[in-house]
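In the part that follows, the structures are each spelled out as structure tokens.
What follows is a pair of complexes built around chain A, which joins chain B in one and chain C in the other.
The block that comes next holds the complex of A and B.
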């Protein structure tokens, strides 16, 4: 299955590379978007020394984990964003008629070229920041790998749940619900401790972006390492199972083209 | 003007067709607005008084107005022309008896008309409920803001149009659109006021048309020192508008000369 999955991705990248100018523009725009979004805390920190005790490099580290998770989702699971369009124009019929898991098919569709840039910028900045914060070691690299895997699963689950809402209402081929979820997630670019309790709860347990990027940095700072790591694992597994359940329920609700 | 309003109305109707989606599209950016308030509220709570040259009251007003200007157009309405160029349906625009530029401007005006009304209500609600935490502008500042914001919207529409026309020369539109969006979001002051940029970065921004789309109109409203009078600001906006219209003519002329659709 993994071989087929990677083969599909390989074909998408080959297709995209046929359009050379667009391919490079996508990569450049991806880098530009991420670098400019990092410029915001850069400007803020030129006026204030820290945000709730968090240094500038720690904020950049939070962003790095977020970029990597988003990048992985874009590169490997971009098909999730096609679900509303598939439902709208009836392509989902074809997905259901094939003798392969519908979820596997959806995940293997497409590839977001911007994700490659996001992944690249995130990975480079992760290593640079671990070194700048003086915590670069084999142990932290392995820990970061664990955070990235959990973060990617969480990010994918949030996107999947959000896009699956199109099964239940007439979206016209595009739903903004996952975009809203992703927008809420952007709050987690900064330490969640600065927000009111209700927002902290949402970011931790409803749209759990805090576990994608803030909690990993807290663990690297040495805060409640075992507890936080166990919570990360638990939340990732729970959200993945929930997303699968929502997807399966959505399929039961699907009424074919023109719904 | 009759054809302009007719096309604007058609665009508005097509956006209203899927009502749930339309309502969600209208309201979802408010989530981002709340996030900005919480972030800056926390920063000012920690720092107190002012950050850079902006007081908390100025920042809270800035966030609301900048949000309502930035949110006038969404990703899908910004990319209609680019998508049409990509899939070839742009040919319909080329054969209609209305200038290409008028069609693009009227369509985007239709797309933003309803959103502008909703944004106005959001601003009104913000001022009514949270006015005590904001800088309320003077009548003279509002009088200067109105023409400035009209030109700012036109500038943005023209900027989108010019970037979309570049799709005639590429094989896709996403890269171009993402680049435009990234540059606009940062250099217009939508993400953070340009006035807070370090000097070198502020100087870079000032050589682009982007600050004239959000930062400058909001500064006019807040009565901030922009080192230019209102007449000069409006003049600069008109100059940028003229440059973009010229670029539109050049790009469209070039594309039209080389356009081959369905073997024609």
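The block that comes next holds the complex of A and C.
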């Protein structure tokens, strides 16, 4: 199963590479977007030394974790974004008529080029920042790996739940809900402590982007390490199970409604 | 093999009012009505049968197929395939059937055909030798060799359909569902596909349930038919009987310059002219063949003449006319 999954992805990369110009454009523009989005805190911090006790490099570290999680989702799980279109044009019938888990089929579908840039920029800056903050060690690398896995699962779950709304609403092949969720999540690029309580709650437990990127940096800073790590794990598992449940419910709804 | 009892499927549809105001209203309050796609039908099909499902657009054909695959839950009634309920039999059942929707591709659109085939091998957990043997047979019969290395999205419609039909036989399904498999294809491809399906049905005993608007498909592939009209079953039997039941008329097609008005000679016949060709349709009880021939020879300078039974197209349009009258 994993083998076939990777093979699909390999094929998609090969397909994208056939269009050489487009491939490089997407790659370069992806890198530029990510690097430029780091410019905002760069400018802010050239005027103020710290925000709510957070240093500049820690903000960049938060961004790195977010980039990596989003990049992974885009590279590996881009198919999630095709769900509304698949429902709309009936492609979902083909998915349901194969003896393979529909979730697996959806995840294996497609691949986002921008994700490669996002993943690349995120990984490089993660290592640079760990070194600059003087915490680069086998232990922090292993910890980061754990954060990245949890973050990717969380990110995927949010996308999946958002896109599954298309099962219930006649969306004409598009749905805005996952975009809204993803762009609200972008506020978690900054430490959530700077926001009012309600926003913090939303970013932690409704659209839990804080756990993708802010909480990992808090753990690396040494705040409540065990508690936060356990919470991250718990939230990731919970959201994944929730997303799967929503997806399965969606399919059941699709089966009883027909389109 | 297939057993359908009192099957009913009702959809809930969103009613949108026309115009801009209607669209705005729909944003705040949606209205729903019920639409019956299948209104209580029963039929059976035995192992290895090639069964056609005939019906006008919206007659419930696709819904029937989706219910039989297990994609849709029936509103009422019972469905069993191979003695199991398709909704509950799950993946082991899906492994025994194959599905081709004419308007959608089962191939992974961006990757070469052969990679899609190999994906099927893995996904269906096919033994390598079985896969290789089936692959060779399919590639041979459907002339797929030159297509295997192209991505599906670069294929023409005909090539893609051949590749799609080939793919569904890789896992040797016992029962195949085809929804409009030859829609939009040229005559050569249609012929290849029909011959292939017929061969698989006869040699491997693959059961077939086919819906098509192309009645030649049905004629060449299937022996039996069910006819649906507005969600009701209006015929269930062999194709030959279907023709005989509804076709009681004969048709003479004659090409040539008219000398006399044929309508005056055969007032009871239906006459239609198209360019230099005239079709005369009549009831055998009304006129004898001799009378008709006599009338035609005196009415035309005959260049060409054929006498035939109306084809299945004719049959079907007749059935639907009757369905509407009833």
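The criterion applied here is as follows: the second predicted complex is superposed on the first by the 254 of 259 C-alpha atoms of A that agree within 3 Å, B and C clash if a C-alpha of one lies under 4 Å from a C-alpha of the other, contacts with A are read in each partner's own complex, and residues count from 1 in each chain.
The working rule: a residue touches a chain if its C-beta (ideal position, glycine included) is under 8 Å from a C-beta of that chain, and two chains touch if they have at least 3 such contacts.
None of the values given here were measured: they were computed from a predicted structure.
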Legend entry - Side-by-side fit of chain B and chain C on chain A, or clash: fit
Inset, instruction - Using centres of C-alpha atoms, tell me the angle at chain A that chain B and chain C span after the overlay, to the nearest 10°. - result: 90
Inset, instruction - Could you say whether A:255 touches chain B, chain C, both of them, or neither, answering first, second, both or neither? - result: second
Inset, instruction - Check whether A:137 is in contact with chain B, with chain C, with both or with neither, and answer first, second, both or neither. - result: neither
Inset, instruction - See if chain A has more residues touched by chain B or by chain C, and give me that chain. - result: B
Inset, instruction - In the overlay, answer first, second, both or neither for which of chain B and chain C A:99 touches. - result: second
Inset, instruction - Quick one: classify A:225 as touching chain B (first), chain C (second), both or neither. - result: neither
Inset, instruction - Minimum C-alpha distance between chain B and chain C after superposition, to be given in whole Å. - result: 5
Inset, instruction - Share the list of chain A residues that count as touching for chain B in one structure and for chain C in the other. - result: 170
Inset, instruction - Would you tell me which residues of chain B are touching chain A in their complex? - result: 17-18, 20-21, 24-25, 28-29, 31-32, 35, 38-39, 42-43, 46-47, 51-52, 76, 170-176, 178-179, 181-183, 185-186, 191-192, 196-198, 201
Legend entry - Touching residues on chain A, where the partner in the complex is chain B: 19, 21-30, 32-33, 36-37, 39-40, 43-44, 46-48, 51-52, 113-114, 169-172, 174-177, 179-180, 183-184, 186-187, 190, 194-196, 199
Inset, instruction - Enumerate the contact residues on chain A facing chain C in the complex. - result: 1, 3-4, 7-8, 11-12, 15, 89-91, 93-94, 96-100, 109-110, 170, 255-258
Inset, instruction - Please give the residue numbers of chain C that touch chain A in the complex, ascending. - result: 9, 11-12, 14, 37, 63, 66, 69-73, 87, 91-95, 97, 99, 101, 103-106, 108, 110-112, 115, 118-119, 122-124, 151
